[in-house]
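By written order: A, B, C, D, E and F. Residues from 1 in each chain.
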């Protein structure tokens, strides 16, 4: 069977402050500028979860995208939507919530839970002009 | 001369918490649910500034949209972008930052400063599924 | 209090066949061409529900958009999503499901149920290039 | 019968130079800046043609949008697509091709040719951030 | 010469029913839920055809995208647009029209007909939140 | 450290004429049709600059996307925005400005200037239906 990649897009609205607690306030301001605003700012994040695998001849699916929506909905969206990423998200405790760090954290959370197929790529948009991609290696 | 409406779109990324300080915490939680999260959440806001007037035969413009971009950029975007709307924005001091209240506050700020032409409509998107319109009356 | 218009977008995926049962098959083919294909074709419909009213000073809302989502979700989306509009939708029984006729039927369904505020406009997209607007008169 | 507005979106890709031939080169440079670049620049224009009228009970249409597409396609898109608006478009001869002036010229061309229904509004996007609206008065 | 990938997007509006005729009605309902609605539902499908190859120094093209549009327009869009995928499309006869199965069928149809360059990837959107990718292996 | 790809989107509005000066006018007309219009036509170009590398633990960034925006803004957008690509852009002198040739020229300009991380992919949209991708080999 050929390998097809199936993709499900999810959304969450969150506040964040780009801030590395290991650095001084002045270093943070210098590195991150307006993204270091003490009370934070926010985004409408969009996440694409991409799963690759053979097409099951019984269902015609690589994986039922309803499963992807439910698993990522529960683990990612329920944890991050309408939250402040520096304060409210257990799996980001102590993490500087740049888009790069967020996407790696989401990967580590989702990769072991996606089956059939394998998590092949995540894309995370912070704005319509900025996004990141991660393939787990 | 016929009246044409010209529109300029601007963007700002901000955190907010839907919260009425005149009510108890419990009333706020009941009314606003997850939008009342104490540290806030956030959005990529999009604002359309619509200006109506006759076309100037010399320029072919109702108003140079560069002026709209500069005035709204300075008064609105510089004040709100990468900010927390409950803490950092002077013209929202004491205002519960629902999209309705924000759009009325932006109108009051912009309407006296837009010329030639007159501010005719504002549209403010909070997410791709929710927006508000205001025509100043 | 000033009047603000608040808008909520909803989506449903449906099949339809443009067909007037009062006309002959030949007249239908002539009038509607490929849109009259016997088994139907389909669209990702998008609906904007626009509600106008004063801003409630207690909530900062014209109407809680969660109410709009729930009412229109139950009456419109649950009835039309993943359905064939010529066969499966009670409130379209006997109606030729052009975008014009659908939007009027949705208006008649929603207008008496939206409060506070009043239903002011519906927009219904059939494709990214075609949509209709209706203001109830 | 209630009045519904039906909308068809069309696209054309064109070059233009914002330039008023009645003014000196220096005045043009001062007024129009980079938009006055001598060889011009260009845009992917998008045009929305909005037609209002009663719904015909025989067809369920205000107007067959295929007619709107064909009439506007022939008169507007064929004349403007892959053209330089300052050199190649007969109905813009001598016109400074600002978005305002273009939309009024398109209105004058289309309004007498749209029936049934009446041309109610044109929207013309120059970029994703700039557009104009015109209702013919 | 370096290899560039050129991409052309096409659209078609179709009805479909997710249904495996080798299974019982009850198994189909259980596996596919609302996507198994007997009369079907529908989508505005979007297809990206991606062709990779060296740039021809004479034309500056990998392949004239007008050829891609014409070949895919004739073989794919003409066959699927305004059709019911379970009833009207010869190359999907007996196929359960999941997005995965559709994209593999389109690949098999297009891959031998695209030249110069080689078909490198297809992307097929069913909704704004769901799409599939296929690279032919 | 894992490799993440970060992406920044930029925009420029330009005129161009698809024309190979090494060929006769007739050959150009035959090869390029309406894209060979003597005065040119134009587009709202969108460029995605994709940079891959390890995440710096100090900043949480692969590269500060503000640097990508500034470098590509200065080298690409300032040179091409509101310009005619056949006349006004030094690094396209003598180049037939097809999307393929433009993306290779932008690559050669940007690749040596992007660090930390390495330029991994460029995507350039000419219209919403046509784009190219280039990975530098």
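A few remarks follow.
Here, a residue touches a chain if its C-beta (ideal position, glycine included) is under 8 Å from a C-beta of that chain, and two chains touch if they have at least 3 such contacts.
A quick note: this is a predicted structure, and the numbers were derived from the prediction, not measured.
Homomeric contact chain C/chain D is classed as different-residue, with under half of its interface positions used by both copies. With centres computed as the average of Cα coordinates, no chain lies farther from chain D than A.
The interface of E-F is repeated, with over half of its contact pairs matching by residue number, by A-F among A-F, A-B or D-F. Mean C-alpha positions place chain C and chain E at a centre distance of 29 Å.
Shared contact sites, meaning residues of chain A that touch two or more other chains, fall at 128.
This structure has the following touching chain pairs: A-B, A-E, A-F, B-C, B-D, C-D, C-E, D-F, E-F. Of all residues in chain D, those touching chain C in their complex are 2-10, 50, 55, 58-62, 65-66.
Interface residues of chain C facing chain D in the complex, by the touch rule stated above, are 18, 20, 23, 31-33, 95-101, 103-104, 128-134, 136-137. Of all the residues in chain A, the ones that touch chain B in their complex are 11, 13-16, 34-35, 37, 39-44, 81-84, 86-88, 127-128.
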